[in-house]
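Multiple structures follow.
Next, two complexes with chain A in common: one pairs it with chain B, the other with chain C.
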Partner chain A sequence: MAITDLPTFVRADGPDKVTGSGRYTADMTLTGMLAAKFRYAGVSHARITKLDVSAAKAIPGVFAVITADDVPDVRYSYGIADRTLFAKGVVRYDGEVLAAVAAISPEVAQRAVDAIVVEYDELPIVTDLEAAVADDSPLVHDDLDGYAITGDTPHHGNVGTHSSIEMGDPDAAMAAAHTVVSSRFVADASHAVPIEPRAVIAQWEGDKVTIWTSTQVPFDARNGVCETLEMPTTKVRVIVPHVGGGFGGKCGPHYEPHIAALARAAKRPCKLVFSRWEEFTAPDRRREGMIVDVTTGLDAEGNIVARTGELLLDNGAYMADSSFFAQAAAMHVAGPYTIPNVRIDAQLVYTNHQPSGSVRAPTAPQGCWAVESHTDELAAAIGMDPLDFRRRNIVRTGDVGPTGQTYEEIGLDRCLDMAAESAGWGTTELPDDEAFGISIGWWPSFHMPAGAYMKMHADGKVQVITGANECGTGSVMTLRMLAADELGLDQTDVELVYQDTAAAPDGPGASGSMTLFNHGRAVEKAAKEIAGQLRELAATKLEASAADIVLADGAASVAGTPTKSVPIVELAEAAAEGELLLGSGSTDELEWPEIKGSSCLGEQGFSSFMAPQFICHVARVRLDKDTGVARVLEVHAVHDSGTILNPVAAHGQVEGGILMGIGQALTEGTQYDETGSQRNAALLEYKLQTIADAPEIHTQFVEIHTPNAGPKGAKGLAEAPNVPTAGAISNAIAALIGRPVRQLPMTAERVWSTIAEEVTA
Partner chain B sequence: MSTDINAIELTVNGVPYPVAIDTSRNLSGVLRNEIGLTGTKEGCDDCECGACMVLLDGQPINSCSYLAVQAQGREITTVEGLADGDELHPLQRNILATGGVQCGFCTPGMLMSAQALLDRNPDPSLEDIKIGLSGNLCRCTGYARILAAVDATAVELRGTSDS
Partner chain C sequence: MSFAVATSLDDALAAMAAGARPIAGGTDLVVGSRQGKGALPDAIIAIDRLPELAAIEVGDDVTRIGAGVTHATLMTDATVVDQFSSIADAAALVGSPATRNVGTLGGNVMNGSPAMDTGAPLVVLGAEAELRSVDATRSVSLDELWTGPGSTSANADELCTALLIPNRPAASGSAYVRLEYRRAMEIAVVGAAAAVTLDGDTVSTVRVALTAVAPTILEVTGLDAVVGSTIDDAAVAAATAASEQATPISDLRASDAYRRHTIGVMARRAVDAAARRAMGETIAVPVNRALGVGAVA
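After this line comes the complex of A and B, so read on.
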């Protein structure tokens, strides 16, 4: 492994994390702190006829028990405001919170939870996606139009968002096509599974609340508290200690409002720490199950001339941040191909499952797995090598994509070529039980407003005050490098103040691969302000023009005359006695790429991709046909994520994303019983990949100039590696057994059954 | 509710701690809440994730599923006991250098499993390391850099002991 070739990356939070001195939320204790526990619905769909907490309240050591009656009557969520903090009237999934208890110890809190009396009238449970969209299906929500609805969110019956992308005349083109292939793929739901279960602590002082929480998005968490508890922004402070992984699972406000309300009622600080079972079953952050029906028409040369698709996505009981999922999934099923005639219809369907929400590249791994497996079926139908088929059909610089977006400089063709070469596609002799599979994918970068403050102290040291949130990726750590580069300092001269909504300007936090792309641009602007001040000070001192001052290696010097120089610390010292060195920055709005010739129903911001990232993964897989057990031996990954500023962190994202992708491909599927409850809410039953499962991973980056990119040409990166891995593994398995496995995860049982079907056929 | 409180002494990282605890308490909870060493993490409370791994007389155990009272009279080592004062243990230094730390939540348990492995096998193959760490889940890294860090540490420590 070429780790030693990579430049040194100083992980400022590293020593904390390896010595055990770093504090995560669950590690904290406040004076007088009580244990918080929730009472969950325990049934998937029912009308509440009785909810009696009096016996729970009477238990000695119980300080508060709260329900929907104890918080403002606010319905909230993105897109469709369909939910309340505590169940009100009807419960719609088994992990829905009915009540919260604060008690002197976790044991007493649990006794109180058990003493809450709830009675129900059961309602019909909706779990099957196809049945859920039928006209006669029972409804998860009786009256969606009774909720506040924002954005372009077409809805009816159990369909929360109906989205489509359409271009050209797919029916005519399909009718005229030389070869037509139709496929169906079904993906199970899955989970983010951060190793740290979430935790929340809330403490009131007067009318202000401070909340420590394991969130990826501190400002969203704060806004969620403000909205649901009807509080002004200035009264809620969210502080995020170290976060033990997120992967999207800790996006959105989760239980901050509940614990804030509980602590207010108990008049004591309260602490919630989730068990693994709760982490699996309760939060609104499950990766959605999906049914993909896709048909593609080819001309005689193997060019894609038309594609149609129908997608059903399992939204679960409530909208988390999922209103964009239908359109995002449609984009992935269209794929990064030149397709002149497209119609993809996607419906996000309410069920009585746990709600779906953003998990690392939401909708993409399943959509990509389906369409890339389908792509190999297309290649097979015309006897073309899968690599050649993709070379013929992918989008390249200047091409028009499936929604009419014209791509400026992109590197997908290079991703494909480099991954194939790295793997030895077509040249490496493999044993009979091994095969390569190839898959491509894409993912956008997102613009969101973000700000940064910065100050340089008298000793020349710099503090960056940022709303960015470090959940492990290292991208927040990269912000130091950006500031140091602008100021001519070493990154160790720069200290981060982060994860505190009272201190930092707002921003998206760790979501949507947005840290570097947005918070990075803000940090650059703030640093440029201080750099400008330093240049003015140096110009006066060195009797030169400020425009000629260069900041490098801890000194300000005159360009071309390195002997005329002054240490930056000297300038900082002087400034501390006069005008202070302070900077601030906010992201400039970026222009969203234009789309032409397509129409999109349910527009949710995914019909064009800003600074798009492209990926190609080639997986080498060994299959035991007697047992159906597939083992991934190698993954060759090539990414176009623009400039790579922090190679150690970038490689880490790709490697971690691939392992997560292998899990989703082979072992990670959420299983439900007939009542809508998860059957495998534990790590022995829901299997993550271990170190013994990890393949060799060979990663390369295509670093090309990208218009509209982030700092120094960087795009996002954290989600993209999770997109195509399952597709590559699927195609390797299909190459070995002659047909794709049509269900995700492709468990040994499903692989074996697919082999058996072929034998029977 | 049980009221079976025992006054016992636990020796952690060479320091004796008198504690009064219910017999049913698990070791990870006592380390974190009574003794105040929160480096040991709890990820599943079911021996599935390895975040709570500590050494008991040098043997790695999931402290979430081990009764604290059973650890009486034995030497408990946690992640806080790895460094020599301000000097990081080579495992700690190398896992940072290779990029084997991201969110850091699995790191303490991973380090303890690695320490136990190197104590019993100073010259492990990559396969040995994989087996030694297979009880520790990491969701962030893809493991390659953790593997490289343990391998590098084995080489480094053998070099030190040879000289």
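After this line comes the complex of A and C, so read on.
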């Protein structure tokens, strides 16, 4: 479908953003506001022997310098509470915050930062994943058991969480297999790279603090402040101006507590604005590096009979929200295939790198790239076409997946067929320097509680008060549409009040593809409440039964008797003088799918997929074999994300996810030096794809009404498009050079080196 | 710190004599300062609005391209595209539309980066830099001008006012190709320019210069031997010589071995494209896109 054929949706924040009238956090100024800057550790692992801020405090224009001594002694994080706001005793990565400075200008603040004296005893730096899990490895954290640990979080040594999936008897099945292929793939770390570096402003009035911040999840930010500064929820208000992208990088609390504490100490509002270098190096959000060893056994017909895998994931220095990563990665290496015998062990390993955290579909692009490249090696080993091999082995409706989940109505088979047909797989004649590559993937939908309030005013206009957050997720369009649909109004009659924790009910914000899935369900419920009130009012006025009232096109009418009708605005006017039209809604709990016949150690909520989304991407790639430079010419993307409510936003998510996937496939990789510091923390050297690199993208949706899903059968869609693109590109390159490139990103030089190995071999 | 806008070339030269540093597009100076490469100069004189620096004048023997001519102009100006195609190829690859609209030829040359895109084309075209101070005007060869990464032999009070390029003989062409990992906002990993003059089917002159494989733009030597040979032979010889003579480093962008290999590929493609232009074939600017080299089209 061409974009011009799509129904019109109003992106409510669009005009503000494109004309420049919209305000982002960094654009704001408050009276008396000071500039905040951080002093970072600068070393990757060391014991602090001296931290002296007296010289910094003495600089004229400096209002406050705070360290761990100036905030409550709270250790926090998900899974393992391993961290403090400011480094305490030991620093474990070079971007760890030692101190914060508030000063009259950024220049004075920087002088004060430079005047802070810190001395260290160096500790051994842990950066190599395989060395880190050896028994004799130095430890990043001496005593994990000294921390508060929650959930099923098996840990030992440098292993933060260990997760295993086991089903059937993989050893026996592997021994009996007709063909066995083992592969090893290594993914470098990468970054979310939102175009807006983060910014935080905090202002106190009495014992209350208001924080403006560029977060994706305002309630995470608020809860982080409450937890670390030991404040009640009612005293902390988080407001989010426009957000310039997040891609997961702005989930979770980040520097809101630091700036709140700093502003309290300085007795003035304080503003932190990150440089690009800080945005790359400091936050606990980095896509984790990963080593995947996977072995698969096939029977004589090409059916997968067994799969085993060993995964190591680079957690970095602290748990951000990463405790589920090991299990999530294991699921992606298992893949959406029918495999009766499975054992995958995954370990999330502490290192002295920047912490890893959720970046768009955490663990999936790397895990999928590895296992889909491996899948083409399996197909090649038995001389089968990669499309046919997948058709033979994928999960279909009613099948049992690799952890024993039985899938209800799913559309992976149709994704595969439609993507192949769209690309012309097997029928399109390609030049010698071009090839297709195919990859499939999956991603769950998540239930989390979310709420919504709603009010209809005397003029018939509606405000939806929601905890949803707009960072490109489309909530400004789709939530309005859901409300308008229930109320028989036009989307333009509905406005969102959002990104303010004091106003809206709690919710997951823009995380985990959950905006529509959870906030949408809450909005639907709130709208149904007002719709019910309107029907009652109309029923009285039209002398009909409320059950017979239809709300459509701005009017309440009696079903079957369209002449008996009253404009909704008239009902709203009347209600404004009587009982006000107010609604509220909260998500109903959804049933988590059960699993049978498997054991899952380190259960972190990823062993079964609620309302699973399925994807197939086919990439057409041209390769300059003389240099190894690959260019993606076309991507044919077919997604099962359930019902598509907003095609404009859905196409946008797929196209953006694919472009991010191309970057991760070819050019986006974080490079480290031997001390654990990033070498390419800048946009010239960390190479995002540009719009000039964008391929033709042909997107289709398999729309299946999914039970146990979001509004009108919708699943999530923000993360899934990022999952299989690198795998498809990998398989196209492998088709051109005879073997896969075993390290991600598959840079031109790595492609060239792989060609050279082939020649040598 | 002071910032002044020059109202005339004399004004700018006087400010420089008093210690000011010039700014035109600021695409190196400002970005470098923000990235911590060096503080901004104490005194800055803006030269971006001087018409004296913005002209392209075709003389009998020499074409004079003002130092203030932007990349956006270089990639579209008919004289540059037709006669000095390699400069247009290079200018079209610089940064983004925003960079090309403010970045200038003089700025690129005087920044002295071995990764500058317009440097190798200027070398193979035999260009000289015109340097002016309050007291004097002189022309220096580029070989003499560039003394190392980011350094030139120009005196602190000298402003580059133009690049002087000998007009091309008949049956000649030039081209610049570079290795790039993406198609915008990119910097040369390696690059090569070639200028070729043909005598029928054989090569009568060929010059090749290399980007980002040595401390300064490197002209390939010893190509006299290919005079009289076929285009294909000349291209292969240029590739071999380029790989041999390059002294690349390993850095974030590539290893030395990969650079040494790909500089040969770029040199071969540059000679081939230049020769095809010399034969009268129209290859659109930039040749990277037209021929699918580097990031394949």
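The rule is simple: the second predicted complex is superposed on the first by the 759 of 761 C-alpha atoms of A that agree within 3 Å, B and C clash if a C-alpha of one lies under 4 Å from a C-alpha of the other, contacts with A are read in each partner's own complex, and residues count from 1 in each chain.
Convention: a contact is a pair of C-beta atoms (placed from the backbone, for glycine too) under 8 Å apart; a residue touches a chain by one contact, two chains touch by 3 or more.
The structure presented is a predicted model; accordingly, all values stated were derived computationally and were not measured.
By the touch criterion defined above, A:D433 lies against chain C but remains apart from chain B after alignment on the C-alpha atoms of chain A.
Judged by the touch definition given at the top, the superposed model places A:T233 against neither chain B nor chain C. Once chain A of one complex is fitted onto chain A of the other, the partner contacts of A:A682 extend to both chain B and chain C. By the touch criterion defined above, A:R631 reaches chain C but does not reach chain B. Of the two partner chains placed by superposition, chain B and chain C are both touched by A:T690.
When the two structures are aligned on the shared chain, A:T150 is found in touch with neither chain B nor chain C. Touched residues of chain A were counted for both chain B and chain C, and B has more of them. Residues 682-684, 688, 690-692 of chain A touch chain B in one complex and chain C in the other. For chain A in complex with chain C, the residues that touch the partner chain are 433, 622-624, 626-627, 629-631, 666-667, 671, 679-680, 682-685, 687-693, 747-749, 752-753.
Here chain A touches chain B in the complex through residues 1, 3, 6, 9, 11, 13-24, 26-27, 29, 107-108, 111, 193-197, 242-247, 275-276, 471-474, 648-649, 651-652, 654-660, 682-684, 688, 690-692, 694, 696-697, going by the rule given at the top. Considering their complex, residues 35, 96, 179-187, 252-255, 258, 261-262, 265, 292-297 of chain C touch chain A.
For chain B in complex with chain A, the residues that touch the partner chain are 1, 32-33, 37-46, 48-49, 51, 78-80, 82-83, 88, 92, 95-96, 98-99, 101-108, 111, 129-131, 133-134, 136-148.
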